[in-house]
Amino acid sequence: RAESVLVFAAASLKTALDAIAPGFEAETGHEVTVSYAASSVLARQIQAGAPAELFISANENWMDVLQTEGLVESASRVDLLGNGLVLIGAPGSDRAEIEAGFDLTTRLGGGYLAMALVDAVPAGVYGKAALQGLGLWNDVQGQVAQTDNVRAALALVAAGAAPLGIVYRSDARAEDRVGVVGTIPAEFHPPIIYPAALTLSATPGAQAFLTYLQSDTAQAEFLRQGFSLPEG
Amino acid sequence: MGWLGPAEMEALRLSLRVSFWATLITLPLGVFVAYALARWRFPGRQVLNGLVHLPLILPPVVTGYLLLLTFGIQGPLGKPLSELGIVFAFRWTGAALAAGIMAFPLMVRAIRLSIEAVDPKLEQAGATLGASRLLVFGTVTLPMILPGVIAGAILAFAKAMGEFGATITFVSNIPGQTQTLPSAVYAFLQVPGGEAAATRLVIISIVIAMSALFLSEYVGRRVARRVAGS
Amino acid sequence: MGWLGPAEMEALRLSLRVSFWATLITLPLGVFVAYALARWRFPGRQVLNGLVHLPLILPPVVTGYLLLLTFGIQGPLGKPLSELGIVFAFRWTGAALAAGIMAFPLMVRAIRLSIEAVDPKLEQAGATLGASRLLVFGTVTLPMILPGVIAGAILAFAKAMGEFGATITFVSNIPGQTQTLPSAVYAFLQVPGGEAAATRLVIISIVIAMSALFLSEYVGRRVARRVAGS
Amino acid sequence: MSLSVQLQHQLPGMALNLDFDAPSGVTVLFGRSGSGKTTVVNAVAGLLRPTAGRVVVDDWVLFDTDQGIWLPPHRRRLGYIFQEGRLFPHLTVRQNLNYGRWFAPRGAQRESPDRVIEMLGIGHLLGRRPAMLSGGEKQRVAIGRALLACPRLILADEPLAALDDARKAEILPYFERLRDEVSVPILYVTHSAAEVARLATSVVALQDGRVVRHGPASDVLADPSVAPAGVRAVGAVLQVRVAAHHDDGLSELNAGGAQLFLPRIPHRIGEELRIRIPAQEVILSNKPPEGLSALNVLSGEVDAIRAGEGPGAIVSVRTPAGIVLARVTRRSVAALELQQGSTCYTVIKTVALAPQDVGGRVRAP
Amino acid sequence: MSLSVQLQHQLPGMALNLDFDAPSGVTVLFGRSGSGKTTVVNAVAGLLRPTAGRVVVDDWVLFDTDQGIWLPPHRRRLGYIFQEGRLFPHLTVRQNLNYGRWFAPRGAQRESPDRVIEMLGIGHLLGRRPAMLSGGEKQRVAIGRALLACPRLILADEPLAALDDARKAEILPYFERLRDEVSVPILYVTHSAAEVARLATSVVALQDGRVVRHGPASDVLADPSVAPAGVRAVGAVLQVRVAAHHDDGLSELNAGGAQLFLPRIPHRIGEELRIRIPAQEVILSNKPPEGLSALNVLSGEVDAIRAGEGPGAIVSVRTPAGIVLARVTRRSVAALELQQGSTCYTVIKTVALAPQDVGGRVRAP
């Protein structure tokens, strides 16, 4: 029986999910509708009784909250995707190895480091953790320009307003007005995980879609978009 | 509009519907509140005034969040209303509610200024000729403030077309249900390579809002000219 | 305000400063543009009108992005201006610019409606008594539209206090430089359990904006009463 | 119908405290600028709510603080002609005229709009809006709007001040007709002695918010100390009957048996009229005058001589037609040796009896 | 100073096309409601820009389409008294009065505010705003505001229509003084014959936007066919000199050797005046009258008899004092056997020569 499936997904997944959903629809006859917004917004809406059947969050915090409140099926929760952080700069920047003692301050040259909100938005939280891990945070924290989402941080670098920025690998890939300076080693920040779970009102169609997202076809698309697959 | 995908057409249609109804439904209320604020003295007048302005002052996200808490399925207003068959949560009606509330202060301010500019002596003249308060309003005040009402309505419509923060927070971003043009723009801006599509949608917004604006200028001017008699 | 952390105090101070200057600087321009739109016929009038309304129609993010492209360090206006020592990027001045631009349509609309309500016959009377256009404006038009100017300014101030999307996109969120109250609120709302802190900040916003509102009502009413002579 | 007004109100700079009962007909409110005329009219209209008082039209209580009655303006069935016009700028002249009719009760006695429009000479303006009218045109439309509202009470605040004499002469008979035929009570503010003389049933003279003189028009007009427009407006009012219309353009009146000639008037033979004879137009003679161009000579006996402050005196002469007043100099009084009881002749120019001083009959107040 | 106006303009419903040169002094614009008076005044003020025309005050070109000159209103140095007041509602009476003075050039001849305020009787209103004034008070403030602007040209659009006669009598001399002493040209719209007679140097009669009659006041006033307020306003204007002031309150004038008495006037002995003698106040006699209360009798010879359409005729009598006009009935003309060249006596009541008809000297136009 064809069903209509309502998915709440973090906005950064739009390109990937928009590419994957038609395949699923063709295969199963179900219809997938995705509402893209910030994870915090979506989580609150689920708390308020939104008719979402599948929630894909850009961080674990909000999924944890929903799980604690019993709003998602714990059993269905999976770590769907992973991502990495990169340091970006102007196109054609010299690539560099990012490690402890990296001379970020010099490279900034008095300019600002563009990041998402370091205490609130996942990309910013991970980035801050990484900089702390690298021992660079104290030096640069006065020079961090925080944006409400990671794409805005990318835009700051793309527009030349900020010389450097820390964004997801998946974001950096498609913007040709920026160049990747280096990848931030994953060991310096907590794992970047996009957890997914079914809500209490999930239909079999939603279950099927969640399964489909873990299929090879889907995962190939995620990889093409710059996401990674979580270990294990 | 061959260069708009079906989802985008959908968003455009929805935005127009949402803004249209948001404006239409709030307009009578806006006129009423503006009149009350302009002409009546009653206890709680300042509170009403503050309340009307609240959506302007609050970050839209907060407004949206408050709407979610109040008019959500479990909300203190949302629950009884849904039992009456009036559901806002995650429906286009909710988007219209959010847009209407966000646009309300602009509408009320514009209309109120117009009302304050009407000489009460003309209203008195209407009363001496036998028109009750309500009839005076309908035959004297309202026709005279029409330019202001139109200005207020168009301002509200434009604001509703551009409203995003409260809407997405309240009713999410569900294509075909609650995905308005600005929400679609937002979604495009969140992913690599979405700028082109976003730009397209923004241009459409601009064209529509500007058309509404020019229309309102034209109508407002005709009305004003009639009154001024030049 | 012992229950506000130092960072929050900072955000509050900054928001006040940003909104104050945004309002103050745009006010004369707003009056001028409103006057031009209300009283002059010139080619490009409709274009100007459209331009003024643009920030209302565009999603704030888009406005912020356009500001970034224009007034950013590398921007076509930002670059020459920065050579003159006027820098907007990542400064509170940029936040003020963004807030001012976002609030501009509201201000202009309010003032314009007031100007349109002034009987040109009174301005003519001023002219026959020897006052040049500018003096007539200063001695007749401006005093008579004062309630509208005040309304417009307060509307703009309130809007500036609540502005977030364009500001954070343009000048991002640098504590002490560009972290306004709404940015702080937004940040709190992103994390689970941040509601309490957000509520505190929202209440402060409301208190401030309401005070401004009441003050404007009071002043506007006094001015209006003087004119109406009741 | 009668009008009874009793008001107390405090304005910045002036306390209003007055009380008058006016008989049916036209009550003229008269007084200097700022004496409170418009304020009284506004209170009667319900646009101003006085601290205390009572306004009754016939038996219909519009306002009474004691009984706690206060009818809102729209239930008072008024035709208020405002001092400043107050036309609706967004309506055409036609719509302005019809405005009151829209709200009049079905059964109300209706004026014919065509007749009013014709009288006011505004037929060519019907499609215009007020901003495109001249000052006098606006005022005429305002008069028409009030008259067409089927009012039970007319308030007219200097309705004719902005109009030229010819237009006034066209509109005045209309107010007379309202007074006499339709018997709508009219509260009428004017500074014009001719209007007072012609329309007023009674006159209420105001000063600083108080009534300083109040009485039937003929009494007030005969009293130089309060006559509305000063001593030049003093005059006698005679009751006459139209006797004949002559071929040479004169009409003949019968005034208590005596003949009076005046330029042709439109009234029918046998109709009763009242006619004002301004005191300053009357010459006295102590012999029967001869060879004078004046056609009207009434002989009589001096009833009283009132000398004013200035050089003049008002001589009342009891003639068969009634008391005629003459304003002459004290020097003449001496020269003619006039004193109470002397016989004398009042000489009245034919042309001095102008149509504007002739009005339809007014029932005795 | 002279005023020359030439205008062409199309209004909806009316084409304005007129041309008049007025000598120095007061030019009265006269015509029925809607005839274009305010439009002409607005064009002179620069508030209306006519299609074509020329307005020159003395040698000062305010407007000339041929030369491409158009001074904006604020550079015309006007004192415009609007038909509808147009006070600034946000300013107090005092500020309204001072408004024009703020912008007057330093060197401009300044009226004393105290004197103007005193004359207008608005001293107690200075702190109020216009909304708290009565209709007449507003109009007086408007007059004061215009007069205090140190104008080089005064435009007065029915300035006194809203005022009572006593107040008019206080303000009129002021306009006379402006005309005679300060010699500010004045364009004055009025419907009042008394004002025309008293103030006008020349009269321009408008009808449907065109000049139908234009000439010195005395000519226009003597012509019953165009006299401003109709036939009742016809009158002669005599040049006289104050001869004496008598104890009984009369003043004696010398009019070309003949004596004229009238109630005391304030002018000094020896002063030259002009005095209007309304035709309808004059009685004719074919023998020297005796025993009449009228003190003024001028003998003369009939110069012309103009019979109008109605029952009346205007008889001009050449007396030592000048031409005197009398309005009598045709029946009287026949009865007295008057014809050109007959000797006759003009009888003028003393009290008919009212102060409002006496004005300061006007230089011959």
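In order of appearance the chains are A, B, C, D and E, and numbering begins at 1 in each one.
Throughout what follows, a contact is a pair of C-beta atoms (placed from the backbone, for glycine too) under 8 Å apart; a residue touches a chain by one contact, two chains touch by 3 or more.
These numbers come from a predicted model, not from an experiment.
Engineer: By that same contact rule, can you tell me which chains touch chain C and chain E alike?
Structural biologist: none
Engineer: Going by the average position of its CA atoms, which chain sits the greatest distance from chain D?
Structural biologist: A
Engineer: When the C-alpha atoms of chain A and chain E are each averaged to a single point, how far apart are the two points in Å?
Structural biologist: 90
Engineer: Could you tell me the distance, in whole angstrom, between the mean C-alpha positions of chain B and chain E?
Structural biologist: So the centre of chain B lies 60 Å away from the centre of chain E.
Engineer: Nearest whole angstrom, what separates the Cα centre of chain A from the Cα centre of chain C?
Structural biologist: 35
Engineer: When you check chain C against every other chain, which residues touch at least two of them?
Structural biologist: 61, 164-165, 186, 189, 228
Engineer: Identify all positions of chain E at which a residue touches two or more other chains, and write them in rising order.
Structural biologist: Those would be 84, 128, 132.
Engineer: Going by the contact rule already set, what residues in chain A reach two or more other chains?
Structural biologist: none
Engineer: For this structure, enumerate the chain pairs that meet the touch criterion.
Structural biologist: A-B, A-C, B-C, B-D, C-E, D-E
Engineer: Note which residues of chain D are touching chain E in the complex, please.
Structural biologist: 12-13, 31-34, 37-39, 83-84, 124-125, 128, 132-137, 140, 157-158, 161-167, 191, 193, 229-230, 232, 248-250, 261, 263-264, 280-281, 283-287, 289-295, 310-312, 326-333, 335-336, 347, 349-352, 354
Engineer: Please name which positions on chain D make contact with chain B in the complex.
Structural biologist: 45-47, 72-80, 82, 84, 86, 88-91, 99-100, 102-104, 128-132, 145-146, 149, 155
Engineer: Any idea which chain B residues touch chain C in the complex?
Structural biologist: 46, 49-50, 53-54, 56-62, 65, 105-106, 109-110, 113-114, 116-117, 120, 147-148, 151, 155, 158-159, 161-162, 164-165, 182, 185-186, 189, 198, 202, 205-206, 209-210, 213-214, 217, 224, 228
Engineer: List the residues on chain A that touch chain B in their complex, please.
Structural biologist: Result: residues 6, 8, 11-15, 33-37, 41-42, 44-45, 48-52, 149, 151, 170-171, 173-175, 225 of chain A touch chain B.
Engineer: Any idea which chain A residues touch chain C in the complex?
Structural biologist: 38, 40, 43, 61-62, 64-65, 112, 114, 117, 119-121, 144-148, 152-153, 155-156, 159-161
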